[in-house]
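Given below, in the form of structure tokens, are the structures.
What follows is subunit A paired twice: with subunit B in the first complex and subunit C in the second.
Right, the complex of A and B next:
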């Protein structure tokens, strides 16, 4: 209860960020909101279904690239690009899910990673359409930076609420059941494959929403968002925040992005420090930040 | 004429397949014994290339550099296993994967710190080519193929003729029985990790003369190693050998017939296997 109030206060406070008039801060906060959605969407598959996807950059960048191509290359309105991007992400997640979901754990991680790196390879090589290494520039500005912040804020909150409803729905419960004991859920007559495919599609679709927002914020797409390090980001952020908690991924993302922003001012070797943090989290804090917070609230 | 060109292309594909085999065999080997899939295997490959490069600058002898570098990488593998990997054997798979991914981040940056970000090369080794069917085939292709076959033989002999190999087989077939009959798993874990890392380092050193060493070179090979092991069947050494050759050939013949599809071909092969035979060619159901 107390943590909910803290959460509300933080969300309410972030409404005032545009009033600082600091463009960089507004930009960074918008980015954080987008990546929060990315991590929460990712965690449907990871935290709730128990499957580690190492390929969510595929859905993120497929949506962003679809938007960029439709808007910049063929002159469609942004809204069309955005909706089409999300649809493409949904289709891709269904396809990858179909190919990978019969596998668990290690296989699943490897297969999702492989397919996302295929997309990265295509983005790098298919210069005529994707712009290769340079990416696509010149996505028009939708609205002033401040308004885009509030727009993102609203979209992310609505999506987060929908995802919350999804993971707390009957489907979400079955998913958690599968995570804990797949055989038992099978015996109770549920097709585990079907439920996992639902999870994958919902997760991929909302990841697509975050990818579209990202393209509109940066007004540029580059292959870095297809790369596997971009798939690893929600994984690491979720582990830092705590996968067993709905807002864990959000907390982890805020810490991740701010830490990255601060650390890269002092050193080029941000990855090195990130790697150390990852190792430390796995060895010593497997519940993540929210795990620690929950323990404190329970008075232990 | 056309057939000769195809034959040469197939030989080139086989040589690349052998490189994939060398790296994947190490990955499969450590996975089979420890049941931890090591993302950092690609980083060990990268270390192999960089150490070969630095030792070559000192000694000017490629073969010595290659073997010394692989031995150093084996030591790095052993230390990583003892210090970190051995602490995560009981953990859920996602934690294991993420920990070894953390190692990738650390190792990639270590390479940037010590060797810089600019790709580095050594003078070409095994230069020249010989004629086959009236076409020329570079000699390095032959070296790859020979090394790959030698390694396959070494692995076969190690596993079938030595006590160590027998214990490894016992551990991978029936862990509980093996351990209850007094095997020392820690020793097997660390030695198999050393062996697997050695193979990764060897792969990196072998690839160095025909390419260059760069900080992100490990990620390309680890993706290929993943594709190879999924197609071959996770944990199957025989499967890794066959599927590495398949991937090498598919890629190389694909570049010949349908060049615009080349990058997608290994993944299409992967998708095919996943649909037709999800457990992989030699995977156990």
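Right, the complex of A and C next:
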């Protein structure tokens, strides 16, 4: 209960960020909200289904690129690009899921990584459509920065609520069962493949929403969002925050982005420092930050 | 005949665990499979329930070939089981444990859930994590999960192992009650001869992957080969 109140206060306080008038802070906060959605969506597959996807950048960037191509190259309205982008992410996650979910653990991670790097390769080489290394610039501004902050805020909260409903549903329960004891789930009469596919599609679709928001925020898409390191981001953020807790990935993302932002002011080797943090968390705090918080609440 | 194995053989790296076994089970009967450790009892159950596929031979369910079906399909047909080592969802609550199998079969999940929790005496423990239950209660929970899918045939692999005498009696009563009410066919692997002779109408004895005797408890008690291999020194 207490942690819920703290959460509510933080969310409520973040509503006042635009009043600071600090454009950079507003931009950074918008970005954090988008990446929070990315990490929560990713964690449907990781924390709730027990599968490490190393290819979520594929769904993120497929949505962002679809939006950019439809809007910049063919002059469609932003809303059309956004919806189409999410649809493409959903289709891609169904396809990748279908082809990779027969495998588990490291094999699943490698196959998803391979698919996402294939997409990265296409993005880099197919210059006529994707702009290659330069990406696509010139996505029109939707609304003033402040309004876009509130728009993102609302979309992310609604999506997070829907994801919460999903993981707490009967399907979510079976997914947790699969994570705990796959044999028992099969001997309970469930096709584990089917449930994992549900998880993958829901996860990929919401990842697509975050990708679309990202394209609208930056008004540019570049291959960096297709790169494997962009798939690693939610993995690291979730490990920091705690995969077994619904808001764990969100907490981890906030820490990740702020740490990155602060550390880069002092050293270019921010990844080195972040790497050390991750190693420390994985070795000493398996439940991540939220795991520690939960323990503190229970210990009282 | 509800379930039939025809010439099934399964070996692991040269070791023949089940060797050309043919056997059938009548509907609504209780059969016990006994035999020394490594006789192939659990492997035989694994072949019937889809954990492994046999190297040779066929498994028939109501005459239909199910040899190649995965476990989840067999469960859907009505073949359910428990495991030798407790096989539940340790970090989920008792209620959630039962709900997962219920979701695959039942349309009235909540109603059924209440009924099962009542029948199996788990009412006070419904919100407890399965890992926090006593070993006997975990065994009982697993049986509840197995019967929640309304199976036609239920395999129990050593349901009494590690269970104290009071809980043993409870499990025996439960199994007998269920068998009668749900018209179940029960096949039980058990080392406790007391339990075997109290429950079973038919006893199958396995040794080194083969069936060496098959008959009523009376017949098995008198069987010389069985005495030699297995019952030596055991009061029956």
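As a working rule, the second predicted complex is superposed on the first by the 299 of 300 C-alpha atoms of A that agree within 3 Å, B and C clash if a C-alpha of one lies under 4 Å from a C-alpha of the other, contacts with A are read in each partner's own complex, and residues count from 1 in each chain.
Throughout what follows, a residue touches a chain if its C-beta (ideal position, glycine included) is under 8 Å from a C-beta of that chain, and two chains touch if they have at least 3 such contacts.
Note that the structure is predicted; figures quoted are calculated from it, not measured.
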Putting subunit B and subunit C onto subunit A via the overlay, clash or fit?
fit
Subunit B versus subunit C as contact partner of A:236, first or second or both or neither:
first
Of the two partner chains, subunit B (first) and subunit C (second), which one does A:110 touch, if any: first, second, both, or neither?
first
Residues of subunit A touched by subunit B versus by subunit C: which partner has the larger set?
B
For A:276, select first, second, both or neither according to whether it touches subunit B, subunit C, the two together, or no partner.
first
Inter-centroid angle subunit B-subunit A-subunit C after superposition on A [Cα, multiple of 10°]:
80
Scan A:147 for contacts with subunit B and subunit C and give back first, second, both or neither.
neither
Classify the contacts of A:186 with the two partner chains as first (subunit B alone), second (subunit C alone), both, or neither.
second
With chain A overlaid, the minimum CA to CA distance between subunit B and subunit C in angstrom is 11
Subunit C-contacting residues of subunit A that also contact subunit B:
none
In the complex, go through subunit A and note every residue touching subunit C.
170, 173-174, 176-177, 180-181, 183-192
Residues of subunit C that touch subunit A when the two form their complex:
49, 51, 70-72, 75-76, 80-81, 87-92, 96, 99-101, 103-105, 109, 145, 149
Which part of subunit A faces subunit B closely enough to touch in the complex?
46, 52, 54, 99-100, 102-103, 105-107, 109-111, 113-115, 117-118, 121-122, 125, 228, 232, 235-236, 239, 268-269, 271-272, 274-279, 282-283, 286
Under the definition above, what is the set of subunit B residues touching subunit A in their complex?
37, 84, 87-88, 91, 93-95, 97-99, 101-110, 112-113, 219, 223, 226-227, 229-230, 234, 263-264, 267, 270-271, 274-275, 278
